[in-house]
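Paired with chain B in one complex and with chain C in the other, chain A is shared by the two complexes that follow.
Moving on to the complex of A and B:
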């Protein structure tokens, strides 16, 4: 109950607090309406003892709230994204972000090269170019792809703003709302975001430690056909997959291609990590054995610099033509400067040696992560052992929810990406993705030590309240670019 | 317009509300800039103390939300460094940030607050979750509202309508804090009332009524423009508007707060006012209610921030 209207007594003392009248409005009514909605106009006519006789509208801050497209419905603030904002701080060991360790590049030499590019060829580097991309760079891209057995002509290549734009363009030209995309379970969060933007229906196909399971792929195609669904393509990350860290076994590659060819299904082969294997030679690309059935997506983000945003698609001619037109309507053309910078880097710097350096650097970090996981993780955790790339996929003990656990992890100053981000169907809560690409080995060990302690606390909570009490924590909360 | 040379806006921190704090901080910095103050943003990190010592500002405007920003810790540091700051002193923040402690003091000052219990995680572990939950339900009944005893932005907070939902709500709460505040859910009009002191004593601002589109004022509803409808002043009759203003002023006074606070309240259909919690470092983002209320009261946001900084500078460290 409130004290009498005129005085308010403070706890612990008998002093009277003079109650001052609330600040009165002193701004013009038009301004008030803008700030407060048209409700303000009717406030003075309000009836005492109850609600206003009319039903006025308040302010929603965003005047266009009723006008967004259906596909923008899910674009809301998320507490998981908010948590990732904390992970950029140095106090946190972030095993969440997939940022390449660009500090290992010869930055002085690269800087000098960029300067010379503008000074010497600025009239081209700072000008528009064609939507298909710089011809010299496309030649170099064919050289890079030859390391994985691909024989391509520069005409087959479309340069894109990272391979993420290639994903967007492919989805744009193939997907009508409700069309089915087949993807590994789990799959790359950025691809799932692109598919969702065009209202595709993603059907996940199981993997094991040898990658995508051909029989399961065949069954998924058959099931979709039986249900009258239109399947448009298979999306796969065959090497050191993001997030699972597994690689499609050589023996399965022909089987996958045969199944897709028989079903008339295009394969989207997304291969940003293919040259970052820790053992032996790069795997032979799917496109190397079926150039007409595979669109290959490549990227310089992991082998050079993600900040330049240079990726590409190598596609069969008819698909390529549509990709070029789609790229033109999306961005007119890619950055000439970025493309020429990458071309220059490939032409003048020891990029093959640099990739070897990256491989060795990431191998040491992978080793640190695997050793720490073996030493620290409680019973009930299982994880993959990647032979390349950036990621370990860890299964949590039964009943532990990765998304629900994340705030506690961040409070304990370690971060990961919950598995739910890598599924379009709400599953994945029992898994987390750990990336070892960015922190130094010592920090990786410390992060995993903290994580083990967080999981143990979570297990104690589970045991105290029972598995049924653990929050479901489903839904896709897409992390920001640094976390992909 | 200004006698202030330099103000440091303290934003960021390590709590889950970092992102919100950075948005609040940028808005305060820009508003101060428009009011003619040279304002810069600093984070609460290892660079802070040396920077404040090397170039002491006229005042610090802390807008760090969540722990350290609101539990008094960062203000203790500002006191140790000897720089004036906007807002409540450390000791008052410590009490206000602890929701159960704040509820007790505000209730003792005469404002009703929903009946509640505060229980740490270990209690459930040591005494058995089922037995504790059974007692809670026997005492408080349903529906309930569970939230971390310390923290904000509705993180870890959830309503409980059935017995089965209670354990999950408690576990969700423990993701953000070590102690759960379980209180009777009071239904009614949700309002929040800012109290500011621009030099002539603490005064309540017009009450802002919050109507979340999806029915719950959760994180998404708070920070996605368009998800929530705000009515300023709240659609209450004159007596109720008066009552919520007094309740907020009472909470501000009872907790010994300074400069500004924001009190969350529920007004039942019968016009009873219930205190929920108070915020010593209110959000200042585009979707935050304190700036809305300031503008509704006729204060340009930048001028109000400027006045608060001037008062802090005059008060000294």
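Moving on to the complex of A and C:
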């Protein structure tokens, strides 16, 4: 059994970390607040007089507490955020983060290429560029998208600061407070964060092991219409979904497109993992069959390197125009250097072979994870079997709370992301996301061994004291970038 | 005299440029619309049935025209945007752009440093990092800010995608539609764009050659209060202001801070040029004397390289926390590579010496510009004499319209930014901004010679036909990043 002291010790150690979450245990999270409509209650909790004793040194009384925009009132860190920071310690096996294994890149060759780029073309690479992005890179991006059946023109593409910025800009141009976004249940935490930042209401649509369920999508659209709600778009990660690891079946893709077209609903197809499948050819993109109805989001973060922050959106012309203007207002333009570096990488470094290497590397790690899960997990656990990407979605035995268990798991030197981070409606406490992308296979096996032991201990607690003995966490999880 | 045909030819050539502005002459600009409250009129102009014959090929009917967020209805490019793109042609002397002269950097040494960074520490440099930014870089940033008297802790700093992203995030966390931002008249166009994107109302406060006028600031605050408006912050570029080239006098700085403190008003101190003064030591920053009342924005775009997009905000703790969360929602995190590259540059490459070299280079160009203006400009022109930075602000003779003149100037192979871009209220048509940062001194002299000739021709037109003969431009200018 794990004493509460271990949790307190972890919390105390936050002070040494680069980012300190000053709200630990103090304020409910952004999305919960948005749903519950308790913005003002939150604000009042932050009044000087209401300052919590937990507020650490350095976070002083906020003289601007009454000044923030309505949208900012929900911008608060969750109490588990700091816990994630400690998962970077070497003794902890982190199955939480979604960091790609960039060490597998040919770092010497990439470094030489970067050096030559500055020495030879530094006057352009170190200068401003246009908000739409480097034209040569946009050509290469069209080549990359053609692997998934997309025929695009470089004019259709806007380069973004990772695909997260594309999510931000799409939401910025489409969402008024209270508008509805349809999204899979569960959905990518970064997308939910962007939607929440513009005060969207996310309505989750069920998935099964074949991905989003067309009938459920139709019902959700009809229900929103009957309730007089304005639905602005469907957000979907069709391939090797984050966090569920499932892929939208080929046979469902046309049905999804037909339903959205009939409803006049734009589709946001977020596809960071599409080229990282372990079996056969890449799936045909939704955008390949409906370029006017789909905004496709891509990223080089998983196929090359997240540290350059190069993603993109391919959009219908009018949407593209708005995205360019929104990007300019947000950051003026992307980094010329990063864009030229990716263009150069795609032009000279055998990127197709590198993706094959990554696929093989992640396939081995997926296999290690699935084998260890089969061998170690107690009865009552269920999990998905991803055919690509980074994630396994695991259902805990009944009565086990993923969030309440997390501090004890970290004390047992294994970390994961509780399922609550992937829902806008507070559900998901019965699930966890396990990432197999970063640790070596032997570490994955060790981490799953530790996790199985933690779950078994929780089950003993449950059987002895009932589910009420497990303290329930508060707030929705918002892990940091390294955890996504 | 310049025939209208020359203008038409330029417009026709837009089609070859990477970014096409499909709205030329069709729709009033974002800020004008925001002020006039004619969002819906704009939207209706874009209905399929109302499509203008000027809409170029490739910009099809927009099926999402009724779907955009309220804030996006104003996101439209101005008709002069495409004109700026042609200023990149070698035959044109562009005094429009604000691009620093990065060719003066030691490109071989910087390239070697970049290469070693990836080869030696690529596993970190190509990976995700935290949303607040690289801790080592934030330490170095504090060292840079200490040159202006700021005593900051790395915890106070948030690294941003250029200081434009800091402007975006500050506006995002503080501005509800209709809130007032106080800003100098004129003000930086990128800041006005960020304020407009969140539907702020900008109230301009007059400057003179000593910068912002404290009495005028006090009056603006009082007037806004009397009108029941919510003023959220003062936005100011105190040093070598963009576009006016003036510097806030030392004797006024405490007065400005006192007025804002008494009004409970946050100050946004945007300082990209502070270290690029031509005379004496850097001015003491506003933040140096009121760290709780000032958010300081800095940038490496002018002292190192804009192509890495590394800027920062130093903010009071509670504001910093909101900025970190907003940054995460917007882009997850900044580029590890770019941050480590700047950190490495500051640690190894003699950045203080490089800034001295830049100062000397820009001083020579400023001198060339001022000498040529004195020698060439016709009576009736007046201009500022900047003691640093990139810009001269020139008042045209009465009755000459800067925007109407621009196509003729470009036909005469010289470009500038019309003053209208730097006001949220549609004024500024009697001014132009001239940048001396990028062209060689001889080119600056040639450009000013051409410009003087264009102005003289305008004056002849004015004297012959009266001011009505000069066609008035419509909309407010929103130049692209390369023009700022």
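Basically, the second predicted complex is superposed on the first by the 412 of 484 C-alpha atoms of A that agree within 3 Å, B and C clash if a C-alpha of one lies under 4 Å from a C-alpha of the other, contacts with A are read in each partner's own complex, and residues count from 1 in each chain.
What we mean here is this: a contact is a pair of C-beta atoms (placed from the backbone, for glycine too) under 8 Å apart; a residue touches a chain by one contact, two chains touch by 3 or more.
The shown structure was predicted, so the numbers you read here are calculated from the model rather than taken from an experiment.
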### Query
Hey, is it chain B or chain C that touches more of chain A?
C
### Message
Per the contact definition in the header, classify A:405: touching chain B only (first), chain C only (second), both, or neither.
### Response
first
### Task
Please work out whether A:225 is in contact with chain B alone, chain C alone, both, or neither, and reply first, second, both or neither.
neither
#### Entry: Which superposed partner A:65 touches (first chain B, second chain C, both, neither)
both
### Message
Looking at A:337 after the superposition, I want to know if it touches chain B, chain C, both of them or none. Which is it: first, second, both, neither?
### Response
second
### Task
Based on the superposed arrangement, let me know which partner A:460 touches: chain B (first), chain C (second), both, or neither?
first
### Message
If we overlay the two complexes on their shared chain A, which of chain B and chain C does A:76 touch? Say first, second, both or neither.
### Response
both
### Query
Touching A:172, do we find chain B (first), chain C (second), both, or neither?
second
### Task
Using the superposition on chain A described above, determine whether A:89 touches chain B (first), chain C (second), both, or neither.
first
### Task
Go through chain A and flag every residue that touches chain B in one model and chain C in the other.
18-20, 22, 58-62, 64-65, 76-77
### chain B-facing residues of chain A, complex
1-3, 5, 8-12, 17-27, 32, 35-37, 39-40, 43, 46-52, 56-62, 64-65, 76-79, 81-83, 85-86, 89-92, 404-408, 410-411, 413, 460-461, 464-466, 468-471
### Task
Can you check the complex and tell me which residues of chain B touch chain A?
12, 14-20, 22, 43, 45, 105-106, 108-112, 121, 124-125, 129, 153, 155-156, 167-168, 170-172, 174-176, 200-206, 209, 211, 219-220, 222-233, 235, 237-239, 242-243, 245-247, 249-250, 253-254, 272-273, 286-287, 292, 295-299
## Note on the structure
Residue set of chain C touching chain A in the complex reads 18-20, 22, 30, 58-60, 62-65, 67-72, 75-77, 99-100, 102-103, 105, 107-108, 110-112, 114-120, 122-132, 135, 153, 155, 161-162, 164-165, 168, 172-176, 179, 190, 193-194, 196-198, 232, 264, 266, 292, 301, 305-309, 316-319, 321-322, 324-326, 328-338, 480-482, 484
